[in-house]
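In the two complexes that follow, chain A is the common piece, with chain B as its partner first and chain C second.
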Partner chain A sequence: MVRIPKITFWRIIIAVIMVLGIYYTVIRYTQGLGAVTNLSDQYPWGLWVAFDVITGVGLAAGGFLIALTVYIFRIDNYKPILRPAILTGFLGYTLVAVGLLYDLGKWFDIWHAIIFWNPRSVMFEVAWCVMLYLTVLALEFSTVVFEGLKWKRLNQLIHMLIIPLAIFGVILSTLHQSSLGSLFLIVPAKLYTLWYSPLLPLFFFISAVSVGFAMVTFESFLSRRFLGKGIELNLLNGLARVNVLVMIFYLTIKIWDLAGRGVLGDVLSTRFESIMFDIETLVQVIIPLVLLLIPAVRTSTKGLFVSSLFVIVGFIMNRLDVAITGIEASSGAHYFPAFGEIAISIFIVTIGFLAFAFLAKHFPVFIEPKENEEEPVEIVHDI
Partner chain B sequence: MVAIMVAITIIGFVVLDLVLQAVRKKEEIAEKQVELEFSDFRVPMATFFYPGHTWVNILPTGDVHVGLDDFSRKVIGNIEHIEFPKEGRMLKQGESAFTVKSGSKTLTFLSPVDGEVIGINRMMLSNPAEVSRNAYGSGWVLNLKPTNLSVNLKAMKIAEDAVAWLKVELRRFREFALGENLQHIKDELQYEVGRTSQDGGFLTEGMLGRMDEEAVKYFEKEFLGRKE
Partner chain C sequence: MAKMGILIDITKCIGCKACEKACKMRNDQPLTLDEHLSANAYTVVQERLPNTYVRRMCMHCENPTCVSVCPVGAFTKTAAGPVVYDKYKCIGCRYCMYSCPFSVPKYQWNKVVPYVQKCYMCADRIEEGSEPACTAACPTGASIFGERDKLIEEAQKRIKDNPDRYVDHIYGLHEVGGTSILYISNVEFEQFKAPFNIALPDKPLPMYTWAALEKVPTIVVVGGVVLTGIWWITSRRGEVEKFEAGSKQEHWWRFGKKQEGVKEKKEDKQ
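Take a look at the complex of A and B:
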């Protein structure tokens, strides 16, 4: 008998997103980019590159951070959040590849980077790093799939390789997270002064570390909200403490960089870009930093949720500002994404959420707390 | 403008979901007003029950876990805060051990055993869903190193004795809820718990929130064993 799922508000929204996403996907692949997007020769990088690719890679950084913590630093306490973090990373990078397939005019030539090498291009490095890291994440996550399918030998084989894989993954992540910032080093005259910096690769890497921790926290809340999973409050508190240090470091070198380049005064300018820079810095660093410095906030579920949301929204604003807002004035063209671009971006993110829910439901992504193993067998007597 | 649009979209989705959750929570509270039957209470056969409505599980290490039984959990409903004793503190059987807060009401629970507090379960607050699903397992409140266990256990009930005791307790609570046992308290006291229970049922989840201060005091004294 077919079981009809209960109609809920979010299911209706997801259905609408899926219908619109499929409709615009068909248009994009039958009529080309021009039929769905507001991209032009003056403005070839829009929402898909800025959000789905450049932002998406950063948001997926939690996977390598937790793998680094557990496999290399050997801090086993963080094991309960390792698998969800790796799954988030794996899905995040997969969706980055999907986003690229939408954005590339000749999407069918995406494999060219494998055969036709151009080692002088930053994009070549990013392409290879993302490809290799996606493979690493797939192998790391395969242990969960093999465990679920009870394929013991394959599982043992991957377990033997897990440490080298984790080290390789950390190296690749460090390379391409920073290289995404290097992409903008070739436009010093085009990118607004507050964002353009020779330290862009460093800023991109540090902010990816910060948002990686925040994403692991946020993902824990989403898992509780939609999958009924528990929150490892003490672990998230630990991540928040580390993030405080990361944010202090980020803010310090940001101010040092602005002062060193003599553009610190521009933060007080009333130009649109300066205002956006100020909002972004407040949301991404200053507000969550102040919040997380308060112990009561750092140890409360609400406090962690709100501060991680600030970091994530601020990070997204930062990437979109660098890729779009900061270039708009110099390009001489105005860009705002078409409805089709927005619909497809939301469609891609929704597919990520659904894939996470599906995999978490059918595979052992969440390890039950050890506490349960020691519980006495409960023989229940109803009265 | 793109950054603002994306930020507003994300915040919009989050705020919308928070509103939906708040609405659903209200609906759930209303649903919980459904009256509970005897069969809604569970008595694990290997767990010791203390008359103050706490339970004790002896761990393989010899330490014990102490928690709230199904009855007190259902009376309390949504646990918002627990005041734990400090780790290292020595407790005596029958002495105040921890307090539970729900809304504006607070209940004090007594220690079922003598012993030193060696652990507290913060998951009680961070993961209430898991805790209520597993009330006699991961839903423990205190981890104690007992110092007088064999004597303390004599004051507790287990297995069939615990079932019989809880039946009596539920009967007593019915009388309390219907006001039959409260003749000595001023007539003008209005017990909503009594009013809502006239139609057959006697206990709904979260009744504590609908008791007035005097009823809470009476409940603590009569059911949790708290001395004046």
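Take a look at the complex of A and C:
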């Protein structure tokens, strides 16, 4: 009885988001990018590239990490996390593709990267990796769908391919997660010195690993709250411990890089960019690191949730800083996303959440079926 | 074909904007007076300092950033020098605009099917043996068209003959690996502000990303081998454990090992 008003409240919010999203979608496709966005010749990349695409790919990194853990390292304890993580990855990358369809000026020519090659372009490499990895994720997730639909033959076929697929997926993810950082290697004179580093690909990769773990935790918490299904605390605790190591590594090489390039002092500057850099580093690494080093935080659901939230927000700030804030000084212009850009971004994220909820409700996402059991689907429906 | 280029002598420019007009007529653009480069202005003459006019246009880099970043290869550096754009290939990602060190490519923001717009050095006219519309229109010789090597010689000669008049810097000779457009000036280039005040490296920018991209094949091969190796070891370990657990009696000599396996499992659980 308590839940009914809550659901109605969320439904109103979702309805508003949907109406705004559809409204701005129509404008974007009938009047062009200029009608919806604050983009300009000085600021050709804005929220859609920085958040929907570059950040989105990072947030979906959980899929490859858990596939690596379960399929390659064979740490069977983590099997229950596999499916939600793969689903997150699959939806995440699909939404990245949707985001691209909004952002690309000639969105209907998105397939051109398949036939017109430019192997010297980082963007070309990212495009191919994302295309291939989206296929890998679709195949990995298809086992869940086939199982739900009881298509045994197809399911067996995918099971035979699953290890090569997982290996391929890990390689592709390593490549494009780091290559998103390489995108910015070409702007040494434009990007603010605290962010521009030859190590950008490494930073992007490590931070994607960190946020991948955080996203799995974050989603598990939401799933438990709204769907009544989630992941065991001790597994999330294990992820948090690995994440502590990842974050310590990230922070160490970040400081080492800044010192090595002789710009460590700029951290203390009162320039807008420096302050943004400091806030980002605090939220993305330092605060969650301190939180997770406290055993009481690490072993409580709420503690894990809050620290994951810090990692995620900090990660988003980092990507927006590199792609938008970092080039503001050299662009000679100012950019803040238009309401339409924000509305579309929220619209896309909301669709992702709804799709996750729908699939988690109707397919065996949060259940690891045992081989003896004939009807895993019905068990899900009972819950 | 020899590599062609344009030498812009800032001391000779009187700001008449004849080049702008010629360019717009050549490209069927509205004849407006523009302050900045835009989708409707491939070149503009800007009074950057009192009575000192700087003409802006695409620099036509020797090793162009736009050519390297475009995922679909919509930009090409032609043998004659111009960097040209294929609007059919373009998908509209605008990475060229983001990464161009001179912020030259501009966009048709309010079109439903927008294209990137920039100077193409009248590549078709050069092909026919003619010269770009802008240099043909310049009444003072502030912009001259010719072979890049000869223009460099000419620029060096002017600087050498008039050391009081010119600063000893040919802008575009070394910047980002050299450009087809060259500037000489009586004022230090930093004073002209962006993009002239940006400390550009002499190294072509595509080399910065290539340093990362060239590692891709190594990552694929090493990653594939290492991951397959790890998978083989972990799955083999699983098989051995299974075999030993189920074959306690037939293979009594493995008994000790099996016990070890059990212990390990217990430790894992803790």
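Here, the second predicted complex is superposed on the first by the 358 of 383 C-alpha atoms of A that agree within 3 Å, B and C clash if a C-alpha of one lies under 4 Å from a C-alpha of the other, contacts with A are read in each partner's own complex, and residues count from 1 in each chain.
Heads up, the rule we're going with is that a residue touches a chain if its C-beta (ideal position, glycine included) is under 8 Å from a C-beta of that chain, and two chains touch if they have at least 3 such contacts.
None of these values were measured; they are calculated from a predicted model.
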Partner chain(s) touched by A:Trp45 [first = chain B, second = chain C, both, neither]: second
Touched partner set for A:Lys190, first chain B, second chain C, both or neither: second
Touching partner for A:Thr325 - first (chain B), second (chain C), both, neither: first
Partner touching more residues of chain A, whether chain B or chain C: C
Residue numbers on chain A that touch chain B, as the complex places them: 9-10, 47, 50-51, 224-225, 228, 230-231, 233-234, 276, 280, 283, 301, 309, 312-313, 316-317, 320-321, 324-325, 335-337, 342, 346, 369, 371-372, 374-383
Contact set on chain A toward chain C in their complex: 29-35, 39-42, 44-45, 68, 71-74, 77, 103-107, 109-110, 112-113, 116-127, 163, 167, 170-171, 174-175, 178-179, 182-183, 185-190, 198, 201, 327, 330-332
Residues of chain C defined as touching chain A within the complex: 36-39, 65, 67-74, 89-95, 97-99, 101, 103, 106-115, 194, 198-201, 205-206, 208-213, 216, 219-220, 223-224, 227-228, 230-231, 234-235, 237-238, 268
Complex contact set, residues of chain B against chain A: 1-7, 9-11, 14, 17, 20-21, 38-39, 41-47, 57, 59-60, 122-123, 126-127, 129-130, 134, 136-138, 159, 163, 166-167
